[in-house]
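Down below are the structures I want you to see.
Okay, so chain A shows up in both of these, paired with chain B first and chain C after.
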Partner chain A sequence: MEKQTITIGLPRALLYYRYAPLWKTFFQELGMETVVSSPTDRDILEQGTALAIDEACLSLKIYLGHVAALVGRCDCILVPRVSNFGRHRNMCTRFESTPDLVRSVFRDSGQKFLSYEVDEELKKGEEEAFVELGKALGSTAKAAKKAYKAAKKAEAAFHKERVQKHEQLYKRENIKVLIAAHSYVIEDPYMGRAVTEYLKRAGVISLRADLVDREAALKHSRELSPTCKWEISREILGGIQQHKDDVDGIILLSAFPCGPDAMVNELITRRVKGVPMLNLVLDSQSGTAGVETRLESFIDIIRFKEGKL
Partner chain B sequence: MAEAKNRSVSFPRYAEYNCAFKYIVEQALGCRYVMPPALTKRTMELGTKYSPDFVCTPFKTMLGSMIESLEAGADTLLMTHGLCRLGYYGELLEQILRDLGYQFDFINLSDYDMGKKKEYLRIVKRFNPKANPARFLTQFLEGLRMAEYVDEITGEYYKNCGFDAVPGQSRQAYQDFLTAMYTAQNRGDVEAGYRAAKRALQSVPLDKPQKPLRVGVVGEFYTAMDAFSNLELEQKLADMRVEVHRWMNVTNQFLHYGSGQKNLRVKIQDLCRYDMGPTSTANIWYARECAERGYDGIVHIKSAGCTPEIDVMPVLQNISADYKIPVLYLTYDAQTSDVGLMTRLEAFYDMIDMRKKVI
Partner chain C sequence: MEHAYLGIDVGSISTKGVIIDKKNNILSSQYIWTQGDPIGAVKELVRLLEGQFDKEKYKIVATGTTGSARKLVGTIVGATMVKNEITAHAVGTTTFYPDVRTILEIGGQDSKIILVENGVAVDYAMNTLCAAGTGAFLSSQAKRLGIEVEEIGDYALRSTHPTQIAARCTVFAESDLVHKIQMGHPREDIIAGVCNAVAANYLNNVGKGKKIVSPVVFQGGVSKNQGVVAAFERTLGCKVIVDPNGHLMGALGVAILARRGSGRQEFDFAMEDMEFRTREASCGGCSNNCEIICVYRGNELIDSWGNRCERGARVH
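Moving on, here comes the complex of A and B:
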């Protein structure tokens, strides 16, 4: 008798941009299929906005839209709970609440959801979380462990290659702007993509503060902010600390109203001096003209400062 | 730093707990305590002016209160750690105050690993190098006892104060109690004040219907408890002759259950599998408890931008649908007006009152 393959749905939002290689390899190793929702479009954004509480951040609204797009298209949708990786290495509390939040919002849909929990402060590490996840999907602990190891390796290789390629950009001769943003903001077509594409058209090299060696970044973040408690913010802070002298300007890019960014970006503007800085908050407006006007004047300021205008 | 007795310590205004902070600072740490002035519109204006836009409102309130403490002569400010954005308040508050030019010593609990017991001793020694740990602990526990009394009496007060036969009697008893706590010098004063308040509140003649309207209050840890921040929501409800119940307070959240709250989580497993945020488990559990006890409504309070409480709302919506219990969702920011709140409360009251008569 042929065994039916399990299909796992991966919403293309929030942690997908951080964990895609890990998740895909893990499920692949266990012989399962993954289906990823298509890139954010107007429909996804509108559907997510309708499902979310008004005051939730734009990133969560988009996430709910992606979940809705996967409902009925897979056996279960992966919604992990990632709380922290240790002391002062927390995720935003939103990553603690997403599994239950999604289950509450979609409780009448009949869709199954799948979670794993990472909470190092309660001694729940990533490895055992994935072993549990594999077991819940019918694999043996041994197979799940092996799949996790392979997935971790793939994740590290992917990130390393990406960082190395990214480092090359610093050597290029042109105006360089460092963008401090969460990966799910800067890579989303309805959020950061408008910014990076505009910069490309304007002939500016856009660099990403979060594409750095993560361990080094965590250490460097302490120089800028000794008690910052968010893992992703710390990677960004570390990236800024390492590269602020290699660039002509910094763009603090966040989605409205991001909790950690509201505070960390304020701290950055107060502590990082001597480089032009633009604080750009994205909301769900349909046009990009407002963003482009601000980027244009920011680039003018950089060119003017360097005597090129 | 000068000797401990010359240190003037302050912590921002927080509900009616400043009497306990004062007791701990003066009696247990042997420092002077600077009582921050009562929160006013000026506090909020100061806080809002110097805060980032999208930070949660308690940050703005605390910044304003800290500025007023410094103006009142404090030279040492204390800030707590926390599980949500609260854990980062300290560093940003200090940076903003330093940029404004204030000079002070800042003790930020986020600098310490609060999971380790010996860190607590380091913190105590920072306030007062000559502190005797055993003596400190005794007095510290007395301060916590005071916080417990404040919670107990406050709960009793809001449950009954709307039903005074002679209006104002409960309020008088409650005010007398607070005065006793804010001026207590030793354990005897605390116990005497508590007992007097118990007697006074119990002897107030009440004119209460057999089945009064009952409303449960849930929400974010600062705004739900601080009467200034929630524009005296509990008093307003009580004045409409409603029994007001709130589980969320320092006693229940920290002193009696600790951070684990395992026994609460068991009861809501069908609603949520994990902790959704620092106070989510308690709020979800209590909201359902109110529904099961047959309360007439629930009020959910949060400040603008409070991530954990926004995320709890879908679960509360499901409770509301399952148990047919109305929930009023209130978001407070620095501009929320008294009139706007009153309009919404009156409409909510009319609705639950009508439902009660029909059902």
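Moving on, here comes the complex of A and C:
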């Protein structure tokens, strides 16, 4: 009898935007299939909002909507626990709690969930985590290790190519705006996409602070804050530090309410001077007027400065 | 015939209009309440402006709209320039006060700060989507205290011991205010406290981290409130200029932008007698169900917006 292929569900939210190449390659190498929820739409947002407590951030609400969209469509849904990569290299506590939270929210759904845990401070590295994950899915340790190596390679190649392509944008002549945001905020159609699309229509080149060489960014981030403890925030800080002189303005883009951003964005406004800055907070209201007014006037200020208005 | 330019600023609370000549002299100006009906307000505004305007001598060759209803109103009046209120205020103010360094602006639902160097806006900040401490807050508190919003300033200036009111959030400020009323604080002290809270809230939020340099110009509807002006002067330790036409600055700014812009379209006062209506349609092309606003003149669809993608362009 032919062995049935295992299908793994990947919610298109939160860490998906960071780890998609890693996850997809890993499961593919082990002969499994992956299914990704479709891009965020209003159904997903509304369903996620209904499942989350009020105080949860918009990103988590959207995540729960994506999990709900995958329930019953795969053998198991991947919900990792990524806690930290060492000292001063923490992820938001959100990423520590998601597996427990998701299991609890969907406890009556009959859906199986799959997790792995990265916590370098407790000596739980990513490689070991993936080997365990492979074993839990019926692979040998050796096969899992090989799949992880291949996935890691694919991840690095993907990021490198993306960064290189992105670097080319800095050479263009138009007005350039650097957006400091988590990837899952800026890439989501219901959050940051409205902002980047508006900028595109306005003839502005939007750049991303987080699309940089990560190791170099971590080093540069210390120049702005030696103690900032959030890994993704540090990548963004490093990106700003590297590119603040190459752009005409910086947009700090957050989903409401974001703990790390509340602190780090304040740090950025205090320590990065000499470039116009816009603090933009997105929540789930459907009207984009407030956002458009702020973006339009921000671009006007830049044009004013250059005498083009 | 000489050329003239019309600027209309339709905010959440009030609707402002000016007609200027080539040298930015005001030929006609009006300030009325929006009362939740921007279309009705604009028709009324145009009717009032027409009354003061010499149609034999001038013709309006370009029209600008600003404020939160700028798009809707821009469609209805056939605007040649539709601009956000921050840009409009910056342009208006720097035209009349070329030396200005800081513009404070508090309107009905927005508040903003614009920093100017050498007549050019270089930085700004705006309240986040929360409307704490704006004109809407002042008018609801005036109602609670049983006075007209226009009287707030006079009451506040009579106070010698302003009451401390929590400034952070409108909801907290309101419960604090009710508590202070029940404790027996005199009304003028509470009103002065509310004015101080508005100024403190503004400086702690919108003005946070911004270097406020004199000359400072304060405008927007709330600048008509002497109590808030006094609170700003005390806190900032410098004179705060309030232009008698400060409430018109957005309309003036967008009229100037319309004059500078390349678009030309003669304005027709006949619009005040035309029938305009809007309709909200749900697209249904996908699960986003975009809310699309359709604007009609009589039965003719003149514009629509709100769709996230092309699919919505067909929905009327």
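Quick note on the criterion: the second predicted complex is superposed on the first by the 309 of 309 C-alpha atoms of A that agree within 3 Å, B and C clash if a C-alpha of one lies under 4 Å from a C-alpha of the other, contacts with A are read in each partner's own complex, and residues count from 1 in each chain.
Keep this in mind: a residue touches a chain if its C-beta (ideal position, glycine included) is under 8 Å from a C-beta of that chain, and two chains touch if they have at least 3 such contacts.
Remember, predicted model here, so these are calculated numbers, not experimental data.
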Clash or fit, chain B versus chain C on superposed chain A: fit
Chain B versus chain C as contact partner of A:270, first or second or both or neither: both
Touching partner for A:115 - first (chain B), second (chain C), both, neither: first
Partner chain in contact with A:55 - chain B first, chain C second, else both or neither: first
Chain B versus chain C as contact partner of A:20, first or second or both or neither: neither
Partner chain(s) touched by A:163 [first = chain B, second = chain C, both, neither]: neither
Vertex chain A; arms to chain B and chain C (CA centroids, nearest 10 degrees): 80
Partner contacting more residues of chain A (chain B vs chain C): B
Contacts of A:283 with chain B and chain C, given as first, second, both or neither: second
Partner chain(s) touched by A:103 [first = chain B, second = chain C, both, neither]: first
First, second, both or neither for A:150, with chain B first and chain C second: neither
Smallest distance from any CA atom of chain C to any CA atom of chain B, in Å, after fitting: 5
Shared chain A surface residues [contacts with chain B and with chain C]: 270, 281
Residue ranges of chain A touching chain B (in the complex, touch as defined): 53, 55-57, 81, 87, 90, 92-94, 96-97, 99-101, 103-105, 107, 115, 117, 121, 225-230, 256-267, 270-271, 281
Chain C partner contacts - residues on chain A that touch it in the complex: 41-43, 269-270, 276-277, 279, 281, 283, 285-286, 289-290, 293-294, 296-298, 300-301, 304-305, 307, 309
Contacting residues of chain C [partner chain A, same complex]: 68, 83-87, 90, 120-126, 128-129, 209, 286-289, 291
Touching residues on chain B, where the partner in the complex is chain A: 52-56, 59, 83-85, 87-88, 90-92, 95-96, 99, 108, 110-111, 113, 115, 271-278, 280, 304-305, 307-308, 310-315, 317-318, 331
